[in-house]
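Please see the structure below; I have some questions.
The first chain written gets the first letter, and so on, giving A, B, C and D; residue counts start at 1 in each chain.
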Amino acid sequence: MNLKLKAGLACVALALASAGAVAQDKAAAKKAPAKAAAKAEAKGSGEQFFPVLVYRTGPYAPNGVPFANGYVDYLKLVNARDGGINGVKITFEECETGYATDRGVECYERLKGKGPTGATVFQPLSTGITFALTDKSFSDHIPLITAGYGRADSVDGTVFGWNFPLGGTYWDAADMLVQHVGKKEGGVDKLKGKKIALVYHDSPYGKEPIALLQERAKMHGYQLLLLPVTHPGVEQKATWLQIRQNRPDYVFLWGWGVMNSTSVKEAIATGYPREKMYGVWWSGAEPDVLPAGEGAKGYNALVFLAPAGQGAVHKDIIRHVYDKGQGTGKKEDIGEVLYNRGLVSAMMGVEAVKRAQIRYGRKPLKGEQVRWGLENLAIDEGAIKRLGLNGFMTPISTSCVEHAGGHRGGIHIWDGKKWNVQKDVYEADQSILKPMIRASAQKYAQEKKLTIRDCAKESQ
Amino acid sequence: MLYRENGQFKSTYAADLQMLPILQDRLFMFGLIAFAFLVVPFAASDYLFLSILIPFLILTVAAIGLNLLVGYCGQISIGHAAFMAVGAYAAYNLWLRVPWMNFLVVLVLAGFCAAAAGMIFGIPSLRIKGLYLAVATLAAQFFSDWVFARVKWFTDYAHSGSVSTAPIDLFGWTIDTPTDKYLFLLAVLIVFTILAKNLTRGHLGRAWMATRDMDVAAEVIGIRPVYAKLTAFAISAFYCGVAGALWGFMYLGAWEPLAFNLTLSLNLLFMIIIGGMGSILGSYFGAAFIVALPIILNQVPQWFGIPISTATASHLEFMIFGALIVLFLILEPHGIARLWAVGKEKLRLWPFPH
Amino acid sequence: MTAPETHLHFQGRNVGEVILSVEGVSLAFGGVKALQDVSFDVREHEVRAIIGPNGAGKSSMLNVINGVYHPQRGRIRFKERQFTDMDPHEAAVLGIARTFQNIALFKGMSVLDNIMAGRNLRMRSGILAQALRIGPALKEEIAHRQEVERIIDFLELQPYRKTQAGRLPYGLQKRVDLGRALASEPKMLLLDEPMAGMNLEEKQDMCRFILDANDQLGTTIVLIEHDMGVVMDISDRVVVLDYGRKIADGTPDEVRNNQAVVEAYLGASH
Amino acid sequence: MKRHVPVLVLAAVLLAGLFAPLVLKLSAPGFWTEVLLGGLMAGVLYSLVALGFVLIFKASGVFNFAQGAMVLFAALAVARLSERMPLWVAILLAVAIMVALAWLVERLVLRPLVNQEGVALLMATLGVTYFLDGFGQTVWGSDIYSIDLGIAREPVMVLEKVFEGGILINRDDVAAAVVAIILVGLLALFFQKTATGRALRAVADDHQAAMSIGIPLNRIWVIVWSVAGIVAIVAGVIWGGKLGVQFSISLVALKALPVVILGGFTSIPGAILGGLIIGVGEKMAEVFLGPPLVQMFDLAGGGIENWFAYMLALLFLLVRPEGLFGEKHIDRV
């Protein structure tokens, strides 16, 4: 039949393919002027390029979208309000990962070379992708900010030279939760003989806390019940039947995406008290509780940096970005938990650049220079006020050895309309974490045949 | 030079049994290989290597493997990523626990592990056919997803369940840079292509095709279906096992079981259908198509500076991808390989079509 | 090309001992009785015909002989070996080959490969050897290719070597089917309506091939055929089946004059 | 009847496994009943999705991988429409949409691909899946949406005096079961009583025959795909009402695949019974078989329900290749 058509089709396909290849070549080649075509903003020098890995589609879009909006809005704000970072304009480009590791790697490779100095810092918002990118960071020298996720052992800067789990890791989170429920029982020692069930997303993300919880279980003699939920997490009937059977005293929820709301619903359906459910800070946002309606009332979740609500910075964003019609998302969504978390994540990237500029001058910086900034972050209460984030985060101060810079967090409770942050703040017990981190990091270093950094030498 | 085979008489069967009986084809092929080895390494950028070429090379191995089963032996499998997973984790554990072992040996052993798994999950093919079998093979998929997520030994008790590898050292050559990986994978792919081609031309290949075209008749002329089907499953799984190991070590570097999920299986199937079932060459086309298409679709808007949100872009990507699949199936059910063949026919007659 | 020494043993035609005997075979699908207590024998080198109206169970008989169907009762003796049931490929290994009523060629494969496939059960080289296609495997491939070329010459299929079997006209497909069966150098060849739907010319060719195979290669032939003329011409002895029962057995002349047979056919034609 | 023996054995084993927890005192009867009910509920949903597969396969010989995407699409449609209008209007509109979709699929995909072999068609439906996933999210958005069926979420406790601890029943589960039963009843009527229904059965039995008695195959396909679409709506609404409507629903449809191989591609009763067997089987396995397994092999958590269904189906196919109600066929040569 229509041979022409067929042949034509084939040609189109092949042409597309080759075109793609060539264009990529250009886009990726470091100092190719041709890439100007790719992105208007990416032209010329005096620009700091921020790659933005997002997932606005797929099972995890409900959480990925607000985070991405917050992240991008803050970058826009810095340009609109301060004309960039001390005059160095911010350029950025989004790349859709769909929360899939291989797509994430592809995005990384696509974006790492862009901008006059290459990518500043990556924030994949996926533990799986973080694992894959960690390996690459050693050769590419581009830092990874994994604020509140990623590898727990990457706190150790001597091994994980490029990972920055700013503000805390899953081991911190798990530790705080145990402390909290301990406190409710009237002392961690009272946890003896109690049952704690961990309902977790069956992926590196969900599995991270297990090690710590087991460690603590040994110390306090509570029984740990592991209940994995398979991606994407809409099938939880059996899980919650087991909970109904074992009647644990507490349920820790380590979910993401639609899994969170499903868990809350199943809890309602099996009559498990929401007051005894504690989500990690990724299981404590509006999309997690709203679908469950009234029944979600009383559900608790960790909150480590930015709870819901609006502050000075949000007003700036509305004034400088949204009122100019530059907004990324919907105006009414500003201030959601995940929006704020994205915002703060972006802020930390920007602050790192600011810090680094003090040492390397007010010009576009390379990845390793930004790393210096990240290793010398000192965001104290004053700084937080100046950033208009008063009450939205706890201080962070990093060093070459200590890449988290903070291990504090609190609890907030859903009252059916909004999240209410509780007053008492917990700090993860480093005496327990440090040895675990050390051991795990050493193991990694051996497997990868890495040379341990000597921070003492580097610090001057 | 005109593309002709006339004037090239075969005086021996050996000559007639060559892989590429036509001189021009041989020359073209050698030229292509030379180009791939000598020019590409210097021409291509890191991005091209890491995001297109390396995945393409690895997935082609897997696609060839699946094609041996589906295209040549006529047994459909929607679960072949499972065998890639088996290969990957087998390789990881060998590499981890037997550090002195040469990576090539590791690859082969990984392949054998996958082959064993392939034979086990191939057993249903002795009782059930066609789509029933296809759906049944999903069992392999979901079982492997589960096993590698649950049995801690496979992941060396990593608390995250994610494993990570280090650059491979082969006879003192550390395969680290994209170019190294590319060259290594290219060599592997060429070897596996030749092996596959030979197999399909041998009596095993004939046994497979006979089983595919008419199983009863095949049995009547003395071909044991058990043998034909299980060898097909085993060898196909072997290829995927090796591909899986390479996928883990050379492309991902660190991975969790999700890296070998159903989507990958379906993509493999797409590759051979789009590329051409029962055609080794087709596996190449298919892999290229499926690897490149999403990436390109995803970036087209940017090249032309079309202001379009990431979300819309990737939704469009889904839609166009799906539409193209259907379009291809409608316009050329026999895949790109057939287009290629038709093109060659035309060329052969050119410039004197009669 | 120069003819190399061959495995095909040429010999004159002499009907020998009983090679196959079918004893009291009965076969049923669910309620349908395809064969009921059928017994007959076949002598070496002879041409044995099975005739009968449609649905008489002729094809079923062949399927029983080479193990596609397994009879509920009765047994089959082939060359001093007894079977109640065996798998088709066992039959093939023992030297029973067959062609099919509605051609069962491997449509996707070339004529050459179809016939080569007929020799598969004689090819020994291992998987690895084939994959590498080194010495022995390649030698084997070539040796068998030579045999196949003889069959191709014998059946005058030279022009179609590399053509896809599925693309050939009906008559030629039948021929390839025969070639594939002959390729395994069978002791006994079961032909299921080898001339169905052929014009006179084609039939004559086919007859020639069958007879040549029979006396040049010394293959025993069992054939089902509707064309009485053909049957009477080429076969030594004839079995007549009707509704799954044997109603007559003997030389063409005996059968021709057998009352039961005549009635059966008249009955069928009414 | 010899070939039934292994099936009966298998059935016996399954039943034994079903009641083992009770007999071995592994669980309170009340809890066991809850698990059973939970399984049945999951089973109902599986059956509904499987029903879509079967309908389409019967009539057009297409193994419709897109069924899951259709469920998602339908659910999204209902959810988003019901934000602007009363639920029943939304559902009616959704029906119209699904019919239109069926018509398009027939026109643009099936008709051009008619008499391709099974795999190609399967792949085509995969293409449709990708398209629908993208299209659905573009049109309806990719957030989590809810369908409010106006049923209270809080469970009710029943039979407290019979079993200690009582049994938790969810109203929406009960509602779902009722709706499902009604739907199946309607379908049965449709196939038995209406002319179109009989026509569909004719097509299923033999395409040629159907053609010969003058039924236009194309229209049949449109009808069947529409019916499958409507089934998808019901499944989507029930599912969405329970868990919220979001992309992930399309993935859960994979759970219905073992059901169709267990029940047989062409058997509606097979789909329903198979769904229930799989549903109960996997929940029971997860709750009662999982923990011991985890203990024994020191696994990182259970989750065996993800493959148990397939293993069950496989086991079954090995003893009975044609599935529960599939018909046995003999190769003629």
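By definition in this document, a contact is a pair of C-beta atoms (placed from the backbone, for glycine too) under 8 Å apart; a residue touches a chain by one contact, two chains touch by 3 or more.
The structure displayed is predicted, hence computed values, not measured ones.
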By C-alpha centres, the chain nearest the middle of everything shown is B
Taking mean CA positions as centres, which chain lies farthest from chain B? C
Provide the C-alpha centroid distance between chain A and chain B, rounded to the nearest whole angstrom. 35
With chain centres defined as C-alpha means, what is the inter-centre distance between chain B and chain D in Å? 33
So what's the Cα centroid distance for chain A and chain C, whole Å? 72
For chain B, residues contacting two or more additional chains: 149, 161, 216-217, 220, 311, 314-315, 318
Quick check on chain D: which residues sit in contact with 2+ other chains? 137, 142, 300-301, 303, 306, 331, 333
Chain A touches at least 2 other chains through residues 56-57, 61, 65, 202, 207, 210, 228
With touch defined as at the start, can you tell me which chain B residues reach chain D in the complex? 70, 76, 123-124, 127-128, 130-132, 134-136, 138-139, 142-143, 145-146, 149-152, 161, 216-217, 220, 262, 266, 269-270, 273, 277, 311-312, 314-326, 329-330, 333
Parts of chain A lying in touch with chain D, wherever the complex brings them together: 56-59, 61-62, 65, 200, 202, 207, 210, 226-230, 232-235, 237-238, 241-242, 244-245, 257-258, 261-262, 265, 268-271, 287, 291-295
In the complex, chain D residues that touch chain B: 63, 108-109, 112-113, 116, 118-120, 122-124, 126-135, 137-138, 142, 254, 257-258, 260-261, 265, 297-301, 303-304, 306-307, 310-311, 313-314, 317-318, 321, 323, 331, 333
Can you tell me which positions in chain B touch chain A when the two form their complex? 44-48, 50-52, 55, 96, 149, 159-162, 164-166, 176, 251-256, 258-259, 263, 288-289, 292-293, 295-296, 298-299, 302-303, 305, 309-311, 313-315, 318, 327-328, 331-332, 336, 339-340, 342-343
Seen from chain B, its contact residues with chain C in the complex are 13-14, 17, 195-196, 198-199, 201-207, 209-210, 212-214, 216-224, 231, 235, 278
